[in-house]
Structures are given as C-alpha cells and as structure tokens.
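Structures incoming, each one as structure tokens.
After this come two complexes, each holding chain A, first together with chain B and then together with chain C.
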Partner chain A sequence: MTTTTADRRRQGTSPRTFTAHRHRRGRLVAGYMFVAPFMIVFVAMFLVPLLYAAYFSLFREQLVGGNVFVGLENYSRAFGDDQLWTGIGRVCLFFLIQVPIMLVAALAFALALDTGLTRLKRTTRLGIFVPYAVPGVIATLMWGFLYGPDFGPFAQLADKIGLSAPDFLSQHLMLGSLANIVFWEFTGYNMVILYAALRSVPTEIYEAAAVDGAGQWRIAWSIKIPALRGALAVCMIFSIIGSFQLFNEPQLMKSLAPTVIDDAYTPNLYAYNLAFVGQEYNYAAAVSFVLGLVILAGSYAFMFATNRRSRR
Partner chain B sequence: MNPRFSRRTGLAAALAGPLALAACGRHTVDPPKSVTQAEIDEAMRTPTELNFWTWVPDIEKEVALFQDAYPAISVDVVNAGQGNPHYAKLRTALRAGNGAPDIAQLEYQMIPSFVITEDLLDLGPYGASAIGDRFVEFAWSQVSGPNGEVWAVPQDTGPMGMLYREDLFQAHGIDVPATWDDFAAAAKRLHEADPEVFLTNFSPSQGAFFAAMLWQAGADPFGGSEGPDLNVDLTSPEAQKVARYWGDLSEQDLIAVDADFNDQWYQALNKGKYATWIAPAWAPTFLQSAAASTSGLWRVAPLPQWEAGQQISSNWGGSTSAVMATTRNPIAAAVFAQFINTDPKSTQTMADEQSLYPPTKAILEDPAFTGSKVEFYGGQEVNGLFAEIGATVAPDFQWAPFQDKVYADFTATVGTAVAEKTDAVAAMEDWQRRIEEYAKYQGFTVRQP
Partner chain C sequence: MTTTTLKPRRHKPKRSTVLTIGMLAAAAYFLLPLFWLFVASTKTSQDLFSTFGLWFSGDFHLIDNIRLTLTQDDGVFLRWLWNTLLYAVTAAGGGALLAALAGYGFSKYRFKGNRTMFMIVLGAVMVPTTALAIPTYLVFSEIGLADTPWAIILPSLVNPFGLLLMRVYVEAAVPDSLLEAARIDGASEFRIFFQVVLRLLAPGFATVLLFALVHTWNNYFLPLIMLNDPELYPITVGLARWQGQAAAAGGASGDLIPLVITGSLLSIIPLVIAFLFLQRYWQSGLVAGAVK
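What follows is the complex of A and B.
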C-alpha cells in the first residue's frame, strides 16, 4: 500500500491524481469522524474548562469590591505561599515513602503469579486486585474505623493484651496511615499492569534461558524485570500523578482528625478549601495550575531520567 | 477542508468560549416596594415549577400540603447534601447564573454569607414583614436585615441545653451543675472517680458549639458589622473567658477532645465515655437514634451559667427557608417559603414527625407539644424544658459574612489549641488575626471596637 501511494504521488499530473486526492480526502474525513466523539468531549470537558480556569486565575474577585484583572499576582502569591509548599512537600514525602513500597510489592506479586508457583493462581490474583474494586471513599471510611483510637479493632485488641495501640490518627503517624490506605487500594492495580506486561514476554526467551541453565531467580532478574521497564514507568507516572493529587483519603480522614489534617494538608485539599470555603476561586485556580506545573515537571523529570538511563 | 485552518478556528472557538461564558451576566430579581394581593393570587394560579434544595428528611410531607393549597404550583425537592457540600453547590450554581434553586435551606449562620454576595431575595414585600410576631424573637432577629429586610423564614431552632447521663451522675454522686464553676468541679470529680469517663467532650472542629458558648457568655465578635464594614472582636474579656475555661479543662485532662459526628464519637456516646452532651434542642431526637442503646439513661437540664442565679442560653443550629435572588418566580417562591414554615398543619408536621424544634410561638405554647413525655429521657417533658430555655436565649448575636471560613479558622486555631492542650487564649488572637487578614483580602474594612 505505501509504495502505491508514493508512486501515485510521484506521478504528479497523471489523470488518476484527482481520484486519488478525493480518496485521500474521504479517508481524512472518516478519520476525523472517528476521533470526533472523543475530541468533542475532550474539548468541552477538558480543554475549555482548563482555558477558562487559566483565564480565571488572572483575576481577583472580592466579596466586597467586585472583580479586577490582576495579571500574574495570584501566581506570585502562590509561589510565596508557605501553606501550598508545605502541602507539596508533604505529598512529595508521601510519594517517596509510599510508591517504592507499593511498586516493589506489586512487582513481587506479579513475578510470583507469573512463575506459576502459587496454586490457586486465579483466586490469589483476584484477591490482590479486589481492594482496587472497593471505592476509595468506602475504603477510607473502613480504615477510619479500623484506626479508631478508642473503639477500633487494633486499639481494642491491644487493650485486651494490656498494651496500647499506636495512635494512627496522630500528627506523626497520619501520613503513614494514609500511605497504608493507598497501598492497600492500589497495589493490586499496579500488579495487574505488571502482570499483563509479563504475559506478553515471548516464552521462547524463557526456554532459551532454561537451556542456558538459568533458574527462576535468574530469569526474573535478568529477563522479566528488564522486560517490565516500560510497564514500571507507566506505573510510576500514574503514581506521581496520584500522589500529588491526593485528596479523597485526607478529606475523609479530616472528620476523624480535624486538627491533624488542616485545610492545606495536600495541595488539592488546599485548592478545594480555597474555592469552596474561602470563596477565593481565582486564587484556587492559580494554585491548581501551580500544582499541575509541579506534576508536569515531576513526570517529565522522571521520564527524562529513565530515557537517559536506557540510552546509556 | 484544510486541517491547519480547522485547528486555528478550533483554538479560536476554545478561547472565545470562556470569554463568552464569563461575559454573560446573571438574572436577579429587583424586589418591588410591595406586592398586591391580586398579584399574589394571579401568580399562585399560574402553573409554575419551583425548585427547592433541602436536606430535611421527608420534607415532601410539607410540600404536599403546599401543593394541596396551590395546585397550580409544583415543587421539585432536591437534596444537594448536608451543610458544607450543600452550600458549595449552591454557591457554584448561583455564581454560574444557572441551575440554582428558587428556594434553599440555609442555616441561620449562613444568611449573612449569602446576603453579602447579593444572592437572597428580600421577602418583606412579599408579605413576610407581617409574619415576624409569629416567631420567637431570637429566631426572627437572625433572619432580619438592618433595614427591615426579611432574608429568610425560620424553620427550626436549637436553643442550648445540657443532655446528661443520670446514671453516671448518680453513681458518682454528682449534682447537675448550675454554673460553669460547678461544671468544672464536677468534671474533676468524675474523671478522678472513673478515668475512663469524661464529663463532656469538646470537639475541636465544632465551631458552631464554640459560637454558642461565646453567644451565651455575651461575646458578640461580629456585632455591629454592616455590609463592607466588619467588626471582629475575638479578644474581648467575654470571649477570652470562654477560651480560657475550655482550654483549662482540657489542659487538666478533665474533658475529652474528640472530633464529633463520626463513628468514633457515636460509639463513645453509646459506651458512656461522655457523661454530658452540651447540645441544642434538636439534639434529644438526634441522640435517640445515635445512641439508641442508652435509652432511659439520659436527662435534660438547662445550660450551666457564668453567674449563679442567671438564666441565659444561646442557639446552635436550626435552619430557614430562603429565596434566591436569581429566581424566575419570586412570588410563588416567597409564598412557598412562608407557607411551609407558618401554615399550622405544616409546622405541626415538622414538629411532630420530623422533630424539628419549632420557632413558632403557636407550637411552643401548645401544651400537647410541651407536655409530651419522652421515654428515652426517662419520661421527661423535654420539649417543655427547651421551650423554657428558648425564652432565655439572648437575642443579639451576629454572624460573619463568611461564617464557614470563620469556622474553618476556628478548627485551625482555637480548636487545635484546646485539643493539643496549648494556650487557647493566645489561639483566640491567632483566630482574630486570620479573620482580619482574610476579611481585608476580601475587600472588607475591618474595625476593632
């Protein structure tokens, strides 16, 4: 097919050009028609709101005094806003603690399932994945009950054996408690991505490795993990975005620990509270853009680093 | 079709979209000086659809009564969430100029927050000026503007009292405290006798409770504010007295400091961790379902007082029905808001079936209401006691025009200080400073009395 098109193009003024052109145009229109449903929703629900928010972030509307154009003032405020940067620092820390543990666990599960060592493979796989099917809101409510300092099962159990359970909802442990919830929710999800990638590795490679005398550990280390590089990068990008946008879990835990989770605990919570409690819609839009920028920079830095390493 | 051209027009359209959206203004009603009965009759005969946002369960009963009286009007009831989620959606819809209801439930403390954004319709010209004397004074003063506007119609109230566990009090020989000094002494005695039990709980995130405490103590932090001129006085002697009192109790570990209205708190109520709940008139019914296992153990008493022999109470919660300025049907909406909250059958249904504590004098003076005995409280005439307490609510207390922000800052400052046993009085200054800063940012002129 490609040669034919190229030939036709070279023919220049031949009488067939006209029909070929029409043909191409028809295909072009059909192509647009296919992507139209996506593009319409994408533009209406993503691009337009995004642009509107960008436009919106250049104003300041006060409860008294109306709306004025302030240029980039909201952004300069955001860049000097301690509350915002404390929140960003906190989600960074969350990312550094939670994501490595989660991805290592997901990788271990995926490798274990792939070796076929586990009996009841399907049940195990489903078991690890099921938490992801539990809506995050419900999972958080459930964990909130489990963490309860007086009447939660951990506290009760510790009480029975004469110990005191750690206060999972305290200032020091809250971030870890949130990381645990997210770990429980998303390990299975990441495992499925990694497992699917493993299934696409041609089995001939394993056979060749076996012929060369490689054991399961060696196969995992030298073949499977390198083969998972792409899938791991995808999981990583999702995790960067997910960590920086942490919202549901802290928002729900706030009702249990309102003095630990303040209005700016995570950048998303901060933007939400600015808009819907403080009615600082314009500034909230600017904060959202700054957060988007940080996520973009983080994801890009990660991709840059991994690309360079694979090229080396 | 040239793809480059289409991309450019697409971009132009995308850019123009938000501008066009931003440009379109919203429709609001210019309230007339007065509305004649003929105009009202005419409007109530015209087929109209009203949209009503509320979280009151079973409000359909009162709506049905309205529709029986005015068959031409149909009312669509929407539950858009309770409290903050409801206000967030309402604000968004009002700002968008599209999708806001005709009538919405507003708690008293939120009225000024919607007045400042010019979202409420003055119901005075629609007949509401004439219904003020049917309501208890403190409820009516909360819905009235400084120039005689009527911003909403009271639906229920929450005069403050004290719910206590009679069994725990008896077991430890504690008398019902009449003053806050007695209360502090009782807290010490009870906690020393049984370290698992606290006389009460102070929720660090319950700004509404703290506001009721300020109100009773005679602090009126935003009193005298008008429009763009805002008074903030959280460091008055009265306000400091309240902060010091609760801060001291917490520092001595004599009260619990758990966040409320969550599972942990419900369990604590059921398992007897708190011997009292300092709470308003809607609390008795609430507690019956929240702590069902403790039926018969609770009693109700008036709020402890700052001075022996005084009887001063305050209010926590309760709601109103307000008409949005964006309504296309001001007359029908205004009539609706008044009807469900004043019609004898409708108010009776609210009091009896939904257990909304009434603001109307007619019901508060009705022996059938005040004399009803409640099993959960050992057969006590709870409604009657709260009716007496209601008469002692101080009428003057003003809310900030951004009360939700004030509450959020309370949690971050004073609430946290009490919970973490740091200086609650210093936290009051921090609270004041945050509010001032925010108010200035929002364009208010801040005045300190």
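What follows is the complex of A and C.
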C-alpha cells in the first residue's frame, strides 16, 4: 500500500527520473516531518508516562526511608490479590453477558435497516444512535434516576398497580443495571459501524441472489453476515477493551448504592481508589499493568480464535 | 410502481410492518430516557416526587429550572460549559490535525520505522486508562501542569483511532498520480498537503473531528483526577459533583436534583445538534473506515 509511489519511481518513466531522484531526499525528510507532530505528542503523553509507571511500579513507598526498590513484589502481590481478581471476574461476567446481547442487537438493527423494508428508516437509525452523543456520565445519572425507588417511573408504575418494582440498585441486579446503561450507550454506535459496512457491499450480489430465489433471511445469513466479519471483529475488540475498563458507570452509581459498589468493584475503580484515595501509586500502577495484560490476552485470544475459524 | 414494471428483474419488496414496528419499538427504548430527561427538567423538585415521571405535571417549570441551573454557585455551570467547549474544541481540532498529518505521512511516504511506529500507536489502544492516567497525573503535578487546562488538552491530543481512520481514508481518497502531478509542477510537500490533500480528506477529517469532540466532551476520568479547582471542571465532573452532593445530603438538598437534571439536558443539546448537522460527514467517514 505504501509502496506504490516508490514502485512507480523505480520503474522510472524516463523523463521523470531525474526530478524524482532530486526530490527523493526531500521526500524522505517530509515523511518524518508529517508524522513528527503526532509522534512527539504520542511519546510525551503516552510512552513517557507509561515507562514512568512501569518504573515506579517496581518501588514501594515506606513511612521510613521513602521509596524502596522491591523488584516485582507489587506484581506478585497483584497476582495474589483477591480484590483485584474478584473485580476482573466481575468485568469478565459483565463482558460475557453484555457484549453478545449488544452486538446481536446492533447486528439485527443494521440488517433490518439494510433490507430497506422498514419505514421511517432515518428516524429510527438516528433514534437508536443518539445515545452515543450523550456523555457516559449523564447517561449514568439519568438511568440512576430512572432506576431509583423515589421518583423513577418503573417504581411509580409498579406502585400504581400495587406491586413493588425490583430494586435495580441491589447487589443482585446492579451488574445487570450497569449492563443496561452500557447497552443503551453503545448499541447504536455498533449498529452504525455495521450498517456502514453493509452499505459498502455491492448491491449486485443481492440482486443476483434474489434472482436465484434467495429470500431476505437467506441473503442476510449467507451473504451479509459473512461480509460483516471484519466489522464485527472491530466492534468485538472495542467491546473487550471497553468492558474490562468499566469505570464511569460504577463510579457514579456508587453515590446511589454505596454498599453495593465497593472500592474494588471493577479493576479500574480499584486502581483509581488505590492511587487517589489510598495514595498507593506504586501498587496502583502494578494493578493497572496486570489489567492491561488481561485485556491484551483477551484481545489476542479472540483474534486467534477467529483467525483459526476463518481459515478452516 | 411503473418503475417495477420497467425493470421486472429487480425485485422490489413490499415494506414490512412487523419490521417497522420492531425498529420503532427499539428506537422508543433508546429515546425514552431522553424524553424522561426533558419531562423531568420541566418539573419542580416537589413535582418530581409527586407526579408520574414520564408525563408533564400541570406546572411547566423549565425556564425557571434553567435559570436556577445557570445561577447556582454564582453561575458556575456556565463556566463548566465554557471549559468543556474549550477543552473539546482545542483537543479535538488539534488531535484531528495531528492525525491527518500523520495518517498522510504513514500512508504516502516510505521511511525507516514507518510500520513499527504505526503498530506501536495502534497497540496503545489496549492500555487501560488508569495505567496511563496515574503516571500522567504524577508527571503533570511534578511539572506544575496538574489542575490547569493543559492537563486535559495535552493528553487528549493523542488519538490512535483517528490516526488509523485517517490512514485508511488517505489510501482511499488520495491518488498517487495527483501527488506526482503536483510534484512535477514544483509544489513543495507541505504545500501539496495543505492545498491539495487536506481538501480531499475533508469528510474523513470531519469524522475524526466529530468523534474526538464527543470523546473529549464526554471525558470524565482524566478531569476527575487532574482537576481540583471547580472553576476548571468540565460539565461531566461538575454535574457528578452536584449529584454527589445531592445524594450525600439525601432528602435535605432535594433542590439540587432539578439542577442536575436540567444541567444534563443543557449539556447534551450541543452534541446532539452537531451529530444531526454533520450526519453526511460522519456517515461517509465511517463507511470508509468500515470498508477496510
């Protein structure tokens, strides 16, 4: 992809060779100049902090003697830390429940829109997508009010017919309530990505299939879904990263249900509390790196699994 | 109807009522909380508790609520709104420009380390926000930048996803022959970029800009840890603070609840409008991204 200019230059359509050669050096520098601003900010705002964190995760702050080098001790503590692994287990469960439901719904919406069989297509598409433009903080505040027992409409409706609404903020239902908030925020986004990918499939294929007598279901199953494999993989990777980093929603829900959401409810919440409440920066850094490893492992496992399947 | 008889081979299916109802039901679920938010911001705190949440009470209190929201704590809400706008526009604009420059550089130039650098940037997406934010906070407090607007803007300039999208877009939209022609005409590499390439990249640029805008506008974690001064808060952190105060005080400060609700309504309006007006751009940009 990046070689096209170079290849053409090497083949050397004769009158251009001289000019091209003269520009070659300048062009090499220009390449660096174009990527330099991004890379400088990236190194300063990303690599430097990350390396710094890796460095200080090897120390321990002590009341007497200040920072002491402890090698990998913080990491061995993290690997044996029940609070961290309970949190990781919780976001795993969250991922296993929330992401399949969200992606199946997004896929169903995208396929339904793409059949062209629905009325009010633009309105429904925008209606489903609009929560993406709502900040996660506001989505959580809003659903927090909606779930609430005081003036939440669910509680009011249940009250009217003489029942009591389920307590959405209880120990049992909290994870589901959080999953619903994330579902509300991101289904439309995934739908738009899948829908965009569907629009790029040439329509002649559908027409040919229709001539062969294939119905809409058959076209969706045998042509459209296979064509979406790449886009679905992208959605999946983003969902893995997002689920394991769950933070805003539980952090805000904590003020409504302080007894249900503890300091280590999710790994990111745990790292945050370790660093900014407990001032344990060194251990917090180690905890975040362990979480990063888990995310990396999850993403690679997923890519490995899908690659094998598509090769079969 | 006549078109179908003209083209008998094209199967023109009838609209499906079942599918339409299904999609409308789905849209209703996604719009319901926003409808609730609007209804709730027309109510006094007494009405919030005493009337049904999904319909208006007789008393339309929206204007009063807006006035209360804007004047609470000496008008700090307007300050938050301004901060949010400042952070979002500078970070998204700067970030999109950096991504466009680098996307073009990675796509159209061969130089040592091209692939390696690009892969490292993409790998950055996997790093948990806390793993990055904790050391960034420590570095920034060391050099005195924590608790300043720079603490929000500088880290938000890095946009790996924007870079990926711009590179894909450059490959699709900028033909090599055009660049060669401009070079023959003697245009410098930078003039080519700013006068020829940037114009071709407009839809992709708008997509990256819009998504970066949403990302910074919605950012919560970074300002939460970086900022102490309420005067510097963006809306997200400010509203969360009001909500925390309301929840901590229980029924006693029920008066803050209408402010949280009305403030939420006010803060989502700009983004929803931006998405509606820039539809053409972000949709075409996403198509380009999805084709890859």
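Just so we're on the same page, the second predicted complex is superposed on the first by the 285 of 312 C-alpha atoms of A that agree within 3 Å, B and C clash if a C-alpha of one lies under 4 Å from a C-alpha of the other, contacts with A are read in each partner's own complex, and residues count from 1 in each chain.
By our rule, a residue touches a chain if its C-beta (ideal position, glycine included) is under 8 Å from a C-beta of that chain, and two chains touch if they have at least 3 such contacts.
Here the structure is a predicted model, which means the values were calculated and not measured.
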| item | value |
| --- | --- |
| Fit or clash between chain C and chain B when superposed on chain A | clash |
| Partner chain in contact with A:F145 - chain B first, chain C second, else both or neither | both |
| Touched partner set for A:Y52, first chain B, second chain C, both or neither | both |
| Chain A: partner with more touched residues, chain B or chain C | C |
| Partner chain(s) touched by A:P153 [first = chain B, second = chain C, both, neither] | second |
| First, second, both or neither for A:F302, with chain B first and chain C second | neither |
| Touched partner set for A:W85, first chain B, second chain C, both or neither | neither |
| Partner chain(s) touched by A:Q279 [first = chain B, second = chain C, both, neither] | first |
| Which of chain B and chain C A:D263 touches, first, second, both or neither | first |
| Contacts of A:S255 with chain B and chain C, given as first, second, both or neither | both |
| Overlap of chain C and chain B interfaces on chain A (superposed complexes) | 28, 48, 52, 56, 144-145, 150-152, 255-256, 276, 281 |
| Sites on chain A touched by chain C in the complex | 1-6, 8, 16, 19-20, 23, 26-28, 30-35, 37-39, 41-42, 44-46, 48-50, 52-53, 56, 105, 109, 112-113, 115-120, 123-124, 126-139, 141-146, 150-153, 156, 184, 187-188, 192-194, 196-197, 199-200, 207, 210-211, 216, 230-231, 234, 241, 244-245, 247-248, 252, 255-256, 267-268, 271-272, 275-276, 281, 284-285, 287-289, 291-292, 295-296, 299 |
| Residues of chain C touching chain A in the complex | 9-11, 13-16, 19-20, 22-24, 26-31, 33-34, 36-37, 40, 48-49, 52-54, 98-99, 101-102, 104-111, 114, 117, 121, 124-132, 134-139, 154-155, 157-158, 163, 171, 176, 179-180, 183-184, 189-190, 193, 214, 217-218, 220-221, 225, 235-237, 239-240, 243-244, 247-248, 257, 260-261, 264, 267-268, 271-272, 274-276, 279, 283, 286-287, 289-292 |
| Chain A - residues contacting chain B, complex | 25, 28-29, 43, 47-48, 51-52, 55-56, 62-65, 144-145, 148-152, 255-259, 262-263, 273, 276-281 |
| Interfacial residue positions of chain B with respect to chain A in the complex | 1, 3, 10, 14-15, 17-19, 21-22, 84, 88, 91, 95, 116-117, 204-205, 227-228, 258-259, 261-264, 267-268, 271, 273, 401-402, 404-405, 408, 411-412, 415-416, 419-420, 438, 441-444 |
